[in-house]
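In structure tokens below, several structures.
What follows is a pair of complexes built around chain A, which joins chain B in one and chain C in the other.
Moving on to the complex of A and B:
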């Protein structure tokens, strides 16, 4: 079925030009990066922009770089780019573990990490990982630059803090995460490409401070800060998991839909959280499973 | 508004006027006349429309033709200019496909895998083609053909 909706297509060569167009066209403009969501939404008629603004003509937006205390990921970085980056593999391997579980090769070659969090589907794979990496979303708009902490970014299903006329120009993460162990556990209906029924990201620092985030079990991917505080400083033991499990119901609000029941999601989160914490701690101590493994 | 784009399709230069809402898949099939990329789910799930765009497999149903301006596109037609290549012959020998609708996508996806990983494990082959749905075979003869091909030198 062809795309019925007609629109203009612009491919600005600079950030200034892109932001000028976005400011001028406001709600009528749709940014295009990898297009794996945008083109599907256009075909469905779920979005009907006057103009599609392709940012692939702007230099420097596909960078993954370590600058001082921050890791920068540009808005054109694809999941394949993450998988193939030595810097990611060696220093921020939780991104690698997440990226290999996204959809299929043909999608990963095109879909971007930033696009994933801009689409803001509750099950988005990048969500829980950027939450535990404590990311800042860097934004350029008519009023200049601003940064939004990832905790404030997701505002509802498919909704973010991005305002009309603004463009996400990258993600920044503290490089201190390099010293941590991490894990990403994704539950799907079958091996191979599927959206998450539930997902858990864990990051643990050398002094056993935990960061835990959940995906697909609420309207937005969410950090579980009460849970984190309750297990702070603890090594993984049965007692610690018993405490952690108690917080799952408080920190999540799963629904029953076509992919799973709420009860199943909650039950599986208990299993996934325990495995995620065990793997993250084992990796911190240098004897965990290789990054990229399924855990479940 | 029409856009004039240049596509290199299987080594041939094409200058085509496209509308912003034309997909690469539609332009390849209806304007260039290349029929191997198939119209399947049209939402990126099935992999039947797979083509290689600047060296990487993509879903041509999720790429606007205008986005591909200046890019190189490869389809299975390029692989079999002088008859089936080694990989295609391996699939033929194993009778790997029945209806053949998924075959072009599978051939291109496995070609991409073998270009960077000439000796994949069975799991790596399965992972690579996880996004190419085949409703006939249950995948067994497809995976077996690839494993037979990559194991050849050791025999």
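Moving on to the complex of A and C:
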């Protein structure tokens, strides 16, 4: 079926023009970047915007750059861009490990990282990774610029802190993560493109401070800070995993749906967390599996 | 690779330049460049669009359809219900229990009660959603075993059990008495969806004098012609059906296209305009037929040396809401239920049962993969119990020339099963791997630091046989025609009712025609099926088209060689017996003309160079006890699967499949390999991933995000190997290949997982959750 709903299509050439349109049209405006979510939603009739604002005509939004102490990722950076970026591969390889597990090549060529967290489905692959990278979401709106910490970004299934009239203009995160080992473990039903039924991102610093985030096992992707505190400073041992496992139930609320049962998701979180921590620590110490490994 | 030479010789000449060669598919360039025109690509000015109205329930009394709101919408041309059908409201291909548009009863969620015709597809959909349907919902029945109980809701007044095929051979009680070991288990398989690339689609165009032309994606244009003629009340001659380039079928486009084509034709008839109807993937999933879910109880007795003494099988097939092709599927399941083994005493009952679920019909393998899962699993359990290797126990009992099937059919030729087993064993490295890995449960998985400790490896086997073509219960459909026209420049056009659905038929028939006329394959053009110009070749199903239509092409070519050979003999001054057709020349080694020159000579002399060929299946029988020569010939195959299973996650990864197939004769090694690889993946899908789920009759896996099939990413290494044990009545010795690649793989994978884990599985698919549960239950026991 073609898209049944009629709408205006605008392709502004500058951020100022884009924000002006968004401010004017408010809730009736839908931003379009890669379109892999937006077009599907339009076709299904799940959204019915008055105007679609395509930001692909704005220069400079596809940058990946290291500026001082911060890594910047523009709103038009696709998953393929992440995979092909030497900077990402060398210094922020957890993004690489996540990106290669997203959907299929065709989707990765179009879908953007920022779009992924703006759609904010609980299973979004980028969610747990930007959480452990401690990202700031940079926003431009009628009132000017503001930044939201990623911990405050996800407010519910498909809901974010983004306000009507605002546009995400990038992600920024501390470059200190370069010294860390990381891992992204995604539970899918097969090797083909799939939504995460559960996901775990782990980042471990040289002094064994852990950041752990879960996806698809609650209304929003979530940092597991109590768990992190409980294993802080510990090397991976059976005892440490026993402690970590106890926190999984506190930090997650998996459900049963057509793709997996809550019981299996819960069981798999234990397996995924353990394997994720092992891989992250091994990578920190220079002898882990190559980034991009599936782990499960 | 073991290749046997043809000893008896094919019925016709055995000079094969094209047959057996890796001839490039004749449709390859069009498909890879995008030039191929699929139904939805067809553009026609003024075409209207149709959409169907689904009431959204699985079982109900239909009281009325109120289309007034839809009719009043601008751009809506017509809304048609059962009352508008000028002919018979019936599309069932075997039984007449399936109305095109239900008028009194809704029997499953895919029943459509009205066809809306509008100026755009979007408008048609909107108008269809505006139609209100007055229903009284009835309790439904969604499980075939439950449907057999006396108090179950009735799907049709005639009762829910609509089929019962049986096989009674020998004395099954005595057979079990003579057994040293008996294993009895119950198995379950579920709905599997065909997932062809191109969803169902049709375009109907009213033509002169009240006739109707219908274009569509389909396997069987003559089925569609009959359905459209019945529904419109037209003679068959007034209905022309043209098969468009068809993006896959796998059985799903055998009878089901009759429904969509008849809906489009009805709409075109009513409006006087061309009407297009294209299903979305979700509509296709909802309305297309599925592989029958089956509950199979399998009991097998064997001597300590592995000799099978008796088998007793009870299988219940969920046919869904209508009969469709269930009679053929149930018959095939009954005839083949024991697997490709000689068993002296057999007692088989297979039931076909109505439920309020989606209709089950033809799907590659045609009822056999479900019973194969049972028989090939139980054989492994028996082998395990007596300490025998799974390949050895199969070799000990396997069918061979001089042995008898479950229907007591004496096999007289072309039984390559043993070779497939031996080749698969050798090429997979079975003996070494079976000894080294998996086996009797392996050690307990632990939370070890070595990341690979939780990986277990396994290797498993599955063997099958498949009665080629329709057999004793499909004889009326089992003729095949072909038309050959040689033009005056020597180019050749072939018309057949058989269809190209991606399997490579056009190419293989061109190869057969080329060698039968002694011309290069490039001389030959094979027409896509158009019922107004090609003869009825029977349905393109049941692995029958190369055999049946290939023989019809050979028959027509023989007639042409006689006629043209006489002209050649006359002009060359040779005796007709000296005339050879070979390599594009005709005559003897010394005196000859080119085929093109001969064609011109025939034209000048007013000698017709058109001929019709025909081939009818040999007699086959299946009596009330299921005894007889059920099929003329069988194809055989063995697959060996090598897998890894992660005991912590339950995930199974298929590493390698070795697929050995006895095809009689390889017509085209490249297209054959492609067919086998595709079938291997469908087998893996059935083993690991695929289950069309529904709740109260409502499909809850309506798309590819919820119903998953293996992708290129999930494809293992596949080694294919061919056994050529020729069939004397086959074209150049060939049998059939369409179905067999999809049949042994699922159980080979399941057997490999059992080998790795030491637990047996009785239900497919082996999802990670199911495997993980089995691992933890074993740990706890």
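The rule we apply is simple: the second predicted complex is superposed on the first by the 296 of 296 C-alpha atoms of A that agree within 3 Å, B and C clash if a C-alpha of one lies under 4 Å from a C-alpha of the other, contacts with A are read in each partner's own complex, and residues count from 1 in each chain.
One rule holds in what follows: contacts are C-beta pairs under 8 Å (C-beta built on N, C-alpha and C of every residue); 3 or more make two chains touch, one makes a residue touch a chain.
Bear in mind that the values here come from a model prediction, so they are computed numbers and not experimental data.
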| item | value |
| --- | --- |
| Overlay on chain A: chain C relative to chain B, clash or fit | clash |
| Touching partner for A:54 - first (chain B), second (chain C), both, neither | first |
| First, second, both or neither for A:191, with chain B first and chain C second | both |
| First, second, both or neither for A:261, with chain B first and chain C second | second |
| Which of chain B and chain C A:39 touches, first, second, both or neither | first |
| Partner chain(s) touched by A:2 [first = chain B, second = chain C, both, neither] | both |
| First (chain B), second (chain C), both or neither touched by A:107 | first |
| Touched partner set for A:238, first chain B, second chain C, both or neither | second |
| Overlap of chain C and chain B interfaces on chain A (superposed complexes) | 1-2, 4, 191-193 |
| List of chain C residues in touch with chain A within their complex | 121-122, 125-126, 280, 447, 449, 451, 646, 648-649, 651, 688-689, 693, 700-701, 705-706, 708-714, 767-769, 772 |
| Contacting residues of chain B [partner chain A, same complex] | 1, 3, 19-23, 26, 42-45, 47, 50, 56-59, 61-64, 66-67, 109, 112-113, 126-128, 130-132 |
| Chain C-touching residues of chain A, taken from the complex the two chains share | 1-2, 4, 189-195, 238, 241, 258-261, 264, 267-268, 271, 274-275, 278, 289, 296 |
| Interface residues, chain A side, partner chain B - complex | 1-9, 32, 35-36, 39-40, 42-44, 52, 54, 56, 80, 103-107, 109-110, 191-193 |
